[in-house]
């Protein structure tokens, strides 16, 4: 029995969450900082473990590695099975990287109130905030590791709860009507996702009724060697059940309406956690479960899902253009980006899927960079309205610069990470569905539009009254932003290491589905026809 | 006489009792209607007992009586205490809790 | 002299044989109840509280011990018996559910015994949640005198014991008569317990009246159903009924009018169903639930909500699985309808509730619907699932109502939802525990509620009731809304200046809440053993 | 030696990184550092050039594969460089002119507090532009392509506090993005057709592809070129781009970046040669733009905008030439290079004028400046002569070749194209003379600026003058140098191919024609602006003039169709999202709540009604049970 690294990687933040929650309330600045440093250390520890997992992963080794298998609820064929493939490794790494930054960026978001006499409000709000983040991290990590459908489902659903409290309990608006908005957003987030999850539960149960196991590996093996066969009705129904949940989480148009509310009301850090980390579980699960468990149904529904994705790309981008609220703008931008990710997944080509997997990483990092800087800006003025800002670059050039770089990543500027993935997704889609690929490229233009319009309105022009006091980034904030930007550059210039990790799993998934990339038109069969026509043309 | 007629009677009595519960207001009368239903059951039981030629039904009838008596004890206690509180035996007056 | 001749004329009666050991769990509880009554008569007033609590707990402990003994003896696994001339089944489901009921009763008794929440009486005596003098008119001088002198209705313990005894018998009853008697034995004390609240006595009395009248009404239906089924089968033995229904027993041609008359059987089954569906609180027989749950003293509500549901579902399972599996083509569609109606109506109506206790009542209605989906499965997995669900649900319920007892203001418990605003800020631990219970009700993974829901839906799906599962899932989503709403109120609303305080309970209530929380988490995270237990026990004796 | 290729890119990139991330410490030396690195890059370029000259024609192109960039199964994107004669030409142009403009900027931006950042952006531009021309595959080219777009965005909007600058920058980026869509689709088409998008294999396999595919690729590349090179219909950004500092206009929006489209088409000659429809589209775009730009240039009073119109028009010439196929490629590039020199010189001259005139750009407020700025006048004048194609100067050689090639295209098309180019030449002469006259001749029409400062025109410092002089030399002699022994044709034809056109007119005839139209243009301009004083307030002008002042209504069209149409669409979608999708979600919630509110009324508190529901329930239960049996 080897060292259960995967369990430990998920358990460390969980333990951290419990410990953090148990810390005594702060009474002075020292103990307040202690209450924040402890969770930060745990998240860094998790990052280290994530790196270890990545280091131990062998791209060309077994499908799932570092596996652990324990019986959990044998009555229902449920086991505690963990294992990572390339995608899992990459996403665990992404989670490990982003969480410390989210914590650092949210450093003062949950500070205890200090009254005039310097007495600290005695409560566990601060610890609660960081403990919840760690709890989310633990659940996300285990969801990325689970190779048991049920185990995945459990954490897929359970992570809603800490997220819910993070959204509802720590938004930047606390009083009166605004607080109502926030709790509305939290409830909407929870109910929407819960509905998705419950529909998935029905499908999970249906799956078990047919297969009598929850083990991903056994089901896929049985599907491949023919010992298991779904009727097409059953497969379609189950696929839709799973897909519904993931499409809500991801989110896919038209199931996205919870995201702008949730991201709009949450603190910027939490908003990053939602869109960059938690939502990735949805797209991850499409790849891991929808495609592998229901290959035929995936192929059947792929065109429909692709159309929805393309609609999502354009719709999200257009709505982003029309937003008045910075965070909601970012949310709609994310909807557009999730459209790209899902497009890549269901194009069912290796370029599309590798692109989608890279996209998950890049979207996480780029949105984090962009939104966290926006968050720093918003924290200075306490407003989320674009109209309240203007000319900030004059008073805070570094902030403006980093904000621009983040935005350029969002609009997929070549040289930064997202470009690589977006292009792969487009190529992958174009290979099989040229028309959709072309329509989707319009998203490139619209992305430039919303990014630059936002930048123009907030950062350029004469300094708008009220913005004179906006200070430039502080050291802590630079520590958050600089590595993310560096990461974006690295991912843009040299994405090969990540691509090498995800490619083998993508190929395996596609070969399980019996899908292969369409060959270039100029191969064997086509070539004769091609030469004759060209010959005629000349 | 065809014993089945007793069953019809039993059903009729049961229905009368049930309808009585629905239309009467006085808690005591209501309760009496319930007792009527129980006795209708007893009649049916005894009839079936006669039809089947075993004594089970009759014995059950005795049990029913005992149960009914116990119900009276409890029921009257409750109804009387409510009556003393509200000076009314109408069940329509006890509707503080609704919706 | 005449006696002698008469005796000679009648054929000798063979003495019925009673298996005392197998009946001992019930006997222990009934014994405790009787001792309690004696104690009420003979023990001095100041010692009664301690004596009654002691007797009740001892009786329950003995009962639980005996259940364990029987289980270890193999009754739940490799042997089963019909004790007391075929009146009481001693088998897996009986023992499992009896075990759950006794544990629930223990927790309930602990809550009944809680005396730290109410302010002390004029004489400085600690008092509990029950009326100082039930017979006194609310607001009268007699009541005031009783209250000041610190009287207490210690009768609640023997009453509870009787109720528990009836509940133990109910799921074990293997003939309809025993079932009917058990139904009454546990119902009558509950009617009384409902009326005994110390505060808001008008509501309490109203609850009792409603519960009593409707309960009696439903008993009448049950009895009528019993009569009709007896008329059809010529027996009230469940196994005998099954034989007749499935055509294994020979039917005298002379009795074709009754025995052959399926209408009798079907109407009888429906009437029996009315009685049982009333007790589990299924739509449209649920209407007593919100009113009674709201009016009854909260510890009683908790007990009732948990234990009654266990007992009633136990009896329903036995009735349907032992006596009427042959009629499944007839009752399953009907039960489908009831289950769907119950799930949807319970969830939907709960959405707009503003009183925590009423909200939990509607939630219990919705849960009855979920459990019914497992009942419909009509196989071992369904039985095991339902039993597991019942165990999980009852502890969550107990815990939730125990929390309700702690949130108080000057008028006693503050049950209006708006009063709970900001509770999460003021006492985060309690609010967190309540949130845990709510999440379990909502069926969020890693809580017992999820495991239970999964089990019953899985059983339903396995028996082909996919549509039922889908309705269940959707109404779960609706149900989630109102659980979440409570959490929103607790955590995301600003505390009110005049808001209720959270009373610090004695270890008794603390234990109840703690146990509820532990069971909720354990059954959610590591349910293997308990599922195993429930599955192993899921075989009825015929 | 060839390993130096990446260094070409790396040096300015390093400069950009240092200057942008270096912080205030570099404020004092930043501009010199940036300039130094630009010159270093130029030095490397020269070294490579001489090394290339030393090799035989066949050995001149070199490839250097740095590393694998994006590997996904069949999709293998490499970071690879290709240095052949075409890239070499560009390298020298970019680094050479670039270095000069760096130098010029030291003077021009001397008083700008963000000078360090300006040089960082300039260096970034150099790096991106070099990457663009050195890439050996389309995807890497795309990186440079967008990179220069970014640099252009940053530099146009360099004075971000001016809303007009910020808007212009955004507009430039967006319009370029539309073009970029074309490039990405082209790359995707190549990948699905050839399985690769590297130059060599694509060009080798191109003959095997279908006509439709090649036309598609060609048109998409043309779209990209239109965006970058400000060709109709994507030309609208260039005029606004003049909001940027003048050195930027000189370097990016005149000499180098905007010519990237011509590079792209020339580079893709193998594809265009096989796609006549795409070529036709190209020449049409070129011809339309050359007239469009020229007409716009005639109407503008803003000196930089007039020059921008001219740029557009000149690039129209190049695109037209490139669209002509092998007979035009070489001349397209040749004109590109000479244009790079004289247009950069003109812009620097304009910058110098502005520098001396308190940043005034309205030519109606200039006049008679030749006395105050002799050096600027001379260099600007040489550039002017070059651009109008004054015989013997650079523009004469390159433009005449294009006109000749246009006629050489043959057939009716040839005549039409030739006429267009001739008309263009006439109009060029007209508007450039107009600029010249309004700026340097006539009365002085200076007025105090908004702050009340009377302008004191003065000559610019040496650091600005030197580049102008060097560029002026280029404007004068480069064309001649290239034409000696057709050296430029020999140099470039191995890459682009070359073919003599079959012009119906002889070279002499063409030269005569161009000289005539040139004189015509100059004459008309002199009649209008030289003979009589220029009014300080622009006259209303003809309908065409008014339209040309508004960029021939292109912006109005964009505004009506795209901007307001788009904002209506957006507003509609926002409405739809709120009332439609989200309304649906909230509606379902409200429906459940409403139902709940109504249904709970059934719970009316009356025990008898509860009993009724039970009774009814019992009846229904019994009835359905019976019914089940009946069914």
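Lettered A, B, C and D in written order, each chain numbered from 1.
Basically, a contact is a pair of C-beta atoms (placed from the backbone, for glycine too) under 8 Å apart; a residue touches a chain by one contact, two chains touch by 3 or more.
Worth saying up front: this structure is predicted, and the values here are computed from it rather than measured.
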Chains touching both chain B and chain D: C
Chain at the geometric heart of the assembly (C-alpha centres): A
Chain pair, B-C or A-D, that carries the greater number of C-beta contacts: A-D
Distance from the mean Cα position of chain C to that of chain B, given in whole angstrom: 24
Rounded Å distance, chain A centre to chain D centre (Cα mean): 36
Whole-Å gap between the CA centroids of chain A and chain C: 45
Between chain B and chain A, distance of the C-alpha-averaged centres to the nearest whole Å: 65
Junction residues of chain B - those touching two or more other chains: 18, 21, 30, 91, 94-98
Residues of chain C touching at least two other chains: 209-210, 213, 217, 221, 290-291, 481
Numbers and ranges of chain D residues touching at least 2 other chains: 589, 600, 603, 605, 607, 611
Full enumeration of touching chain pairs: A-C, A-D, B-C, B-D, C-D
Contacting residues of chain D [partner chain C, same complex]: 589, 592-593, 595-597, 599-600, 602-603, 605, 607, 609-611, 613-614, 616-618, 620-622, 624-626, 628-629
In the complex with chain C, residue positions of chain B that touch it: 4, 7, 10, 14, 17-18, 21, 27, 30-31, 34, 37-38, 40-41, 44-45, 47-48, 51-52, 54, 56-57, 59-60, 63-64, 67, 70-71, 74-75, 77-79, 81-82, 84-86, 91, 94-98
Residue ranges of chain C touching chain D (in the complex, touch as defined): 209-210, 213-214, 217-218, 221, 262-263, 266-267, 269-271, 273-274, 277-278, 283-285, 287-288, 290-291, 329-331, 333-334, 337-338, 345, 348-353, 478, 481
In the complex with chain C, residue positions of chain A that touch it: 71-76, 123-124, 128, 153-155, 157-158, 160-161, 164-165, 168-169, 175, 179, 182-183, 186-187, 190-191, 194-195, 198-199, 201-202, 205-206, 208-209
Footprint of chain D on chain A - complex, ascending: 188, 191-192, 254, 256-258, 315, 318-319, 321-323, 350-351, 354-355, 391, 393-394, 397, 400-401, 408, 413-415, 419-420, 423-424, 426-427, 430-431, 434, 437-438, 441-442, 444-445, 448-449, 452-453, 456, 459-463, 493-496, 499-500, 503, 506-507, 517-523, 527, 529-531, 533-534, 536-538
